[in-house]
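Next, two complexes with subunit A in common: one pairs it with subunit B, the other with subunit C.
Moving on, here comes the complex of A and B:
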């Protein structure tokens, strides 16, 4: 991550957005990137602050992506500053603990780029974005069931009268499916506990 | 949904009131999923008011394969062929971005010759991709011949790639730690000859198409995207440069060995035709980029030195726990790879930030108020590849 003093930025966020509770996820390993976590309820104010502040502004939102850690889910906002002298990058994270109806505030009114990105995040993880202008699925069909990138996802059996993953076409001995079954089992036991 | 496009008071019905009533309503048209101007399986739902577009709503997902889910079940080397299939017209650039993310976490040292070959194949693929963009854009605007010229040059590049990687489109050539195969001196000489031919060809294309009066009339001052819009929508690559921002990751945040190379960043302006941010300038940025790529390739051949092309990488790759975000300048914009590892043999999460996906999201903003024919010109100048949009 380039040109970002994480501790200073976290301090700035805490000073200007009350209750943001920004913490730096540092890595001792220089090979991996650090990131900043904030409270999910304050994400709109934090992104607004990052966009408008004078000291370390970010003028573009590159991506909104989800991560399923089984016990909780995370939304990563990857932000960038396009500037010829000091380009910046930042991964901003919020934690969502509710798996049944996860929701965070939408940032579309700040960055129109978030429109499609948040729709994709909803499509893949089922995370709802409050105040989103067009909260539909984007890549999967509108009547698809389940959220494919969740770790406990099992594809529906039948879609519009068509068999999904027909047995005679599947090779269940394939390494891919062994791994997937493990993941599903792990997620289901976690959910049961 | 109400139209934002105001054409004033409708005329009073005279002969057949029902028909006149119909004329005042918006007409819904489907452009795609199979339409020559959408360059793939994109469906644009267009609400038109006679010839003028009131809304354009992109419907995506016709080529959705969920490669991000596939990647979670494959080892790190096994993901590379899947990454190929994102932007199948610039597969080398896609591979390099993903491999760079893995190598950054792994801390692999890549041999110098391999780094140079990576730049060579990435720039060659950039030329091939821009030739495709040039040819299909001319077809969109009604000129068929340039397509054949462009494919002639593209074919030469694909022949070379076929010799070194065994495939014409989806290469699986850049591997973790280096590249799969070495280039012979004879092949490098052919690349040098190709550079000379390409420069002459570009001059020909500019005379034939770029400076053609009809072409300029069709594209100049059409589909203008301001710099503010670019930042708001996160547009990158030729779109951002066409709007006048001198931003190129190869120069501004150099990766690989790009800091050693001397080249310019072409930007759009109102000097020759149109204004910054219109279709003509976006198109012209691509044509000038081909010249810059030729410049880089010549320097690569000069700097090329003998040596190994594969670094030391253990048989089973296990990345440390953590995450990394890497972005590279691909022909269509910045490709970002957000890779999260839990210390296992497979990626825990691989998010691909696709430039084309971002650029498609701009269409509902640019399209309203344009003629349908101008919308075709705009979609063509954005140059999308649906494999990358839908992933």
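Moving on, here comes the complex of A and C:
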């Protein structure tokens, strides 16, 4: 990532946002995918701090995305600072452990760009964003069941009178299909525990 | 007198008129629509076959070219559009996605596995996406099909 001293930034967050518990996740190649993890309950204050501070400001939120690791879920905020002298970029991560009703605070009031991104994250992972101005699904139909990008997701049988997987058009012996079903089953048992 | 008379059957005459003025609906769903646009444009010139007049409303069109992936969300809309078209109406299913779900047929939770699940299809055009020549062949196949219709004993005309 560009022009970010991670340790210094994590320290700054910890000093200014109490309970944020910012930690640096370094990778082998420290210049590429390092990130900062913070507490899910403090995400709004952390993003607010990152936006408003004088030392290392970030003036844009580029993406909000979800990841399902089965044991936990993660929301990643990719922040950036567009500036001719010191442009920078940062991956900010929060961990959500509750699979039944996961929720984090919305940052739409800070960055309007988060509106659709958070809706997509809700649509695909079922992570609720508190205080979101328009908390609907964005891609799937409103009456769709389940959250498609979760690892233990199984699609519904019938939608609106249409069969989602008509038996006469499926090849259940397909190797990839069996592998995929095994992966889903494994994720389901893992998520149940 | 001899030069001024053309003999034909009513069926043949009506079918001739019908097959040479097929008006498709302006209706593209995915990348196949790009090929459909190319087919309609000057290089492949669908107008040669009398079906280049893409209508912007289902009420004025005879042919629906389902060009692209039909998602479950879209499928209900496709059905409504088909029902809005005036009879006689025909459907060409263009490309693998509309034929049978395409790359989404085994794992795609959001894709209808073939548009024939919701509307009756006359001609299937395979390909991903089909080249303009393939779509033209599909249109010509449909024209042959229309040419062989027995209009006066047809399902469209009641009490014939």
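A few points about this structure:
Operating definition for what follows: the second predicted complex is superposed on the first by the 181 of 193 C-alpha atoms of A that agree within 3 Å, B and C clash if a C-alpha of one lies under 4 Å from a C-alpha of the other, contacts with A are read in each partner's own complex, and residues count from 1 in each chain.
What we mean here is this: a residue touches a chain if its C-beta (ideal position, glycine included) is under 8 Å from a C-beta of that chain, and two chains touch if they have at least 3 such contacts.
Since this is a predicted model, take the numbers as computed values, not measurements.
In the superposed model, A:15 makes contact with neither subunit B nor subunit C. Of the two partner chains, neither subunit B nor subunit C is touched by A:131. Judged by the touch definition given at the top, the superposed model places A:140 against both subunit B and subunit C.
Judged by the touch definition given at the top, the superposed model places A:59 against subunit B, while subunit C stays out of reach. Residue contacts after overlaying the shared chain place A:189 against neither subunit B nor subunit C.
By the document's definition of touching, of the two partners only subunit C reaches A:159; subunit B does not.
In the superposed pair of complexes, A:113 makes contact with subunit B only, with no contact to subunit C. Annotation for subunit A, partner touching more residues between subunit B and subunit C: B. Legend: residue contacts after superposition of the two complexes on their common chain; A:27 is shown touching subunit B, with no touch to subunit C.
Judged by the touch definition given at the top, the superposed model places A:89 against subunit B, while subunit C stays out of reach. In the superposition on chain A, subunit A positions 140-141, 148, 153, 176-177, 180 are in contact with subunit B in one complex as well as with subunit C in the other.
Residues of subunit A that touch subunit B in their complex: 1-2, 27, 29, 31-33, 35, 59-63, 65, 67-68, 76, 78, 82, 84, 87, 89, 91, 111-113, 115-116, 120, 124, 138-141, 148-149, 153, 175-177, 179-180, 183. Partner subunit A is touched in their complex by these residues of subunit C: 72-73, 75-76, 100-101, 105-107, 109-110, 112-114, 117-118. Of all residues in subunit B, only 60-61, 64, 66, 68-70, 72-74, 104-107, 231-234, 240, 245-247, 252-253, 320-325, 327, 334, 336, 338, 340, 346, 348-349, 351, 353, 357-358, 360-361, 365, 390-391 touch subunit A in the complex they form. Residues 140-141, 148, 153, 155, 159-160, 162-166, 169-171, 174, 176-177, 180 of subunit A are the ones touching subunit C in the complex.
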